[in-house]
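Some structures are shown below for you to check.
Two complexes come next, and they have one chain in common, chain A, joined by chain B in the first and chain C in the second.
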Partner chain A sequence: MKTISLSTEQAPPISVPLRFFAAAPLFLLLAALMLVYGAVNPFADIHSPALLAATHCITLGFMAMIMLGAMQQILPVVIGSPMPASRLTAWLTFLPLIFGALLLPAGFMLGKPVLLNLAWPLLGLAFITFISASLISLARSPAHNATKTTILLSIIALGGAIALGMLLAHGYASGLQLPYAKLATAHISLALGGWVLLLIVGVSYQVVPMFQLTPNYPKWLARSLTPALFIVLMLSLLSLLLEPRPYWIVIVAQSLFWFMAGCFAVATLRLQSKRRRRVADATLSFFRLGMLALLCTALLALATLFFPAVDRLGTLSAVLFLLGFAMSLMHGMLYKIVPFLVWFHLFRGGVKRGIPNMKEIIPEAWMWRHLWLHRSTLLAALFAPWWNAAAWLVALGLLLQGMLLGYALLIAIAVYRRTLERIEEDLP
Partner chain B sequence: MCANMARELDVRGLPPPEPFEHVMRALPTLPAGAVLHVHIDREPYPLYEVLRDSGYAWQTTAMTDGSFSIRISHSA
Partner chain C sequence: MQTIAEFMSADHHACDEVFAIAEQAALANNWSDAETAFNKFRAALARHFRMEEDELFPTLVSAGGPAGPVLVMRMEHAQMNTLIEQMAGTLAHQDAQGYGGLSETLLIVMQQHNLKEEQMLYPIADHFLASQREALLDRMRVD
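And now, the complex of A and B:
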């Protein structure tokens, strides 16, 4: 038997995660604008400024915004340890992130070094604040579970990705002589394969069984998968230091990495097929789409290793990972977490009557519309490297998704405020 | 007599927020000295914070099947 000692830090107020979530859809609109105002088809050239700018709008402005906001709420729930000084941490993360995520893509798009030199210190401040606060939270946590280990590994990967990203942005802006190709490979691997994939895996260990009512992930898988992914990722990165880079190490490390990522997708899809309540649920469908996309990414990444001469396979696997896997899961998680937060903060505030049911906070019809829109955007993105018109459809899809998600989140915020106001009016 | 009273509440297999809701509805009816014995799938950290703020004490036991058993009572 054990007695839990809780941190004296309070869980953050609802305004902390909601401000991150409310800002994120704006960056989908910006990403769409970058794609439209770029070259004829930015997807045809992975190094095009428009694609680089749109990608950073999505990875920093949309994905990191959601992940950093969600972590401030997830840490107290899954490891029992809120971030220190939650309001100050939130502001020191949110403000530099939003300005940095606006300036960096603008710098890429317009080719203005001054914008890049303004962006990277701001982004550094945002992420250093977030990483420091997360490490303190992890150190204080009484939990001993696979999610805690996985969050730690993902934070380490994020630290590396951000350090390299700052160096790259400073290098581009100042014309420094750097091994850009190698640094960019390491930056992308740590950001997507380390931070994004590991964090999603760790959070899925909790969120999938809890919200989707599936059996738990097998213990051996939960314990060993993310440390193994991390070790293989490090092995692949260390090979970058060797000149020439031994190709057999790349083949072995990346084959193992994508095989394990594919196994995670299969394990999640199998668990979802065993869920206890078999009712249609848009958030579950977002999750399943994401896992199918991860499986396809893994297969494509393996194909790219063995058929490097096939043009644009790499672009396709990156599109599948970002739009298919990561973005699908973030939409799915937002539509589950935001109604839960609104309900929880009303209920724990002492309100026992007149609280809307969780399913009434964001109408499910909006979630289904969003799912169909997201599927269409993804389909267009798969053709975009070869078909110019599809790039326009991707931009249109991102624009509409940003508007729809933003509207859905505003509905949730309005429900929260309206309910609070009604309660205050009812008070004697 | 109250000290020996224990109420059982099994919220395993319920989706959020139902486990939290069931516990919060059961607590006001818990007599002084009685114990609410909750069986739950995951360790409910947000519940602990509410319990602490509302003047309850609790003891958590991790079960071998991965679930948790929590004994909640009024603070002394």
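And now, the complex of A and C:
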């Protein structure tokens, strides 16, 4: 057992995660603008440049920004091992990610190869830095738990997703002859089914019992679910190499994958219904909404297997996964992590009086408003592939959510700065 | 045979139970129930800290266990004690909003502290103290 490297006082400086979180809402505004400036209804065609651009604003600029920032904070707690060189890692991740996440969607939207060729090396740098730092952190971790295995699997999937994404962007920009449809399928599967789903499952193992005092996930489930999801994902990707790809393999792999993902959603909802902490909590509501959306995504994904001709069912399941599942969880997590970080870093200074508690850092009323806004956006998204007005409402919803989340985070940063100044004034 | 990890984790859960009852009662402005549950919680947590600070931690460190993480755990106990004192103040003033904010804060501090202990420190203790585990558990049960 490696005990020498175990240290639990390993939180990075508050500026490390906060800079990622503060940048993320900006990309919701950009995603909204891309949707508005696109075709009449970008959701009607899954290949439309506007939908592609808006999707990458959300996956890279919003989701990856939050996930990469949060991981630097979460790793020390859940696996007992911080990222190496936290400030350097943070800058080498943050700067290329923010520029890459601006350039890539701009390249899709404007159809400019030069922007894509600038974007993919930057994104490559950001993710290679992050992946390397995470792997070092995992290798040094003394923990032996399901979360550690799951984080490793999700990082491997991320590596594959990024490599394929870089190849795709380079290929589009340079007009290379590539099997685009297959590469895109593998890229999306690894990014969403691998990295995003696995990471959320792994983190849920820890935070669902922790925030609401629910029972733990059953041990057999925590141990076997993510390796099983990963294996099915890999088999499904391997079948892409077969020409022609046997449809029965697609059906079996997809059914298994989404059945397991659906089981995870049901297991989480059941645990939450047994929670010992019964007070109203916005994070819990965001989490439950996310799990409900994952369940619907799974059902829709299964439906697409039987109605492959209905393209828009596939679009809808992707939209539900991204906006309904992943985004709900990220909002929920931010509303817990950010107030806690502000409190923690103020309190650590040794001053005990006059430190605002978590509910005085981001007022709860804003969280509940955000929940309603997010629910309305999702409701509109359900109709967006068929109804143009709903697509506009989704764009409006994302715009307002970006503004609201940005405002809530700025309030938290302002509280932090103000309190810090006051503490410094009070010191002799 | 019970491990240190199992015994101490079960005690964490017992503390969580009364914590949740106190919080719910305070937010419902049910102050007599809140006070009863809060006092139980405060006593249970104080006992848990004593078991660790008086028995487990010194035994672990003198058996060659890691001193750094133990120091961090002690610091986090002090953080939690400060929050608990502040909660007692809001309870006395029947300030539900203040209590809710502090208990939300304490919950996260306490849970991430427990996570680090349950997943890292206790397994390390079980490893280092395998030969004296029974005696140690007996001493802690008496506390």
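Just so we're on the same page, the second predicted complex is superposed on the first by the 418 of 428 C-alpha atoms of A that agree within 3 Å, B and C clash if a C-alpha of one lies under 4 Å from a C-alpha of the other, contacts with A are read in each partner's own complex, and residues count from 1 in each chain.
Here is the rule we go by: a contact is a pair of C-beta atoms (placed from the backbone, for glycine too) under 8 Å apart; a residue touches a chain by one contact, two chains touch by 3 or more.
The model shown is predicted, which means the values in this text are computed figures rather than measured ones.
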*chain A as common anchor, with chain B and chain C clashing or fitting*: clash
*asked:* Quick check on the superposed pair: does A:278 touch chain B, chain C, both, or neither? Answer first, second, both or neither.
replied: second
*Examine A:347 and indicate which partner it touches, taking first as chain B and second as chain C; both and neither are also allowed.*
both
*With the two complexes superposed on chain A, say which partner A:171 touches: chain B (first), chain C (second), both, or neither.*
neither
_Per the contact definition in the header, classify A:78: touching chain B only (first), chain C only (second), both, or neither._
both
*Which partner does A:143 contact after superposing on A: first (chain B), second (chain C), both, neither?*
both
_One more residue to check, A:359. First (chain B), second (chain C), both or neither?_
second
*Have a look at where A:210 lands relative to chain B and chain C in the superposition and call it first, second, both or neither.*
both
*Which parts of chain A are touched by chain B and by chain C alike?*
1, 3-4, 6, 77-78, 80, 143, 206, 210-211, 213, 276-277, 340, 343-344, 347, 358
*Residue numbers on chain A that touch chain B, as the complex places them*: 1-4, 6, 10-11, 76-80, 143, 206, 209-211, 213, 216, 219, 276-277, 340, 343-344, 347-348, 358
*asked:* For a test of understanding, state which residues of chain C touch chain A in their complex under the given definition.
replied: 16-17, 19-20, 23-24, 27, 65-66, 68-69, 72-73, 75, 79, 82, 97-98, 100-102, 104-105, 107-109, 111-112, 115-116, 119-121, 123-124, 127
*Where on chain B is chain A touching in the complex?*
13, 15-17, 20-21, 24, 41-43, 45-46, 48-50, 52, 58-62, 66
*Mind pulling up the chain A residues that touch chain C in the complex?*
1, 3-4, 6-9, 77-78, 80, 142-145, 206, 210-211, 213, 276-279, 336, 340, 343-344, 347, 352, 356-360
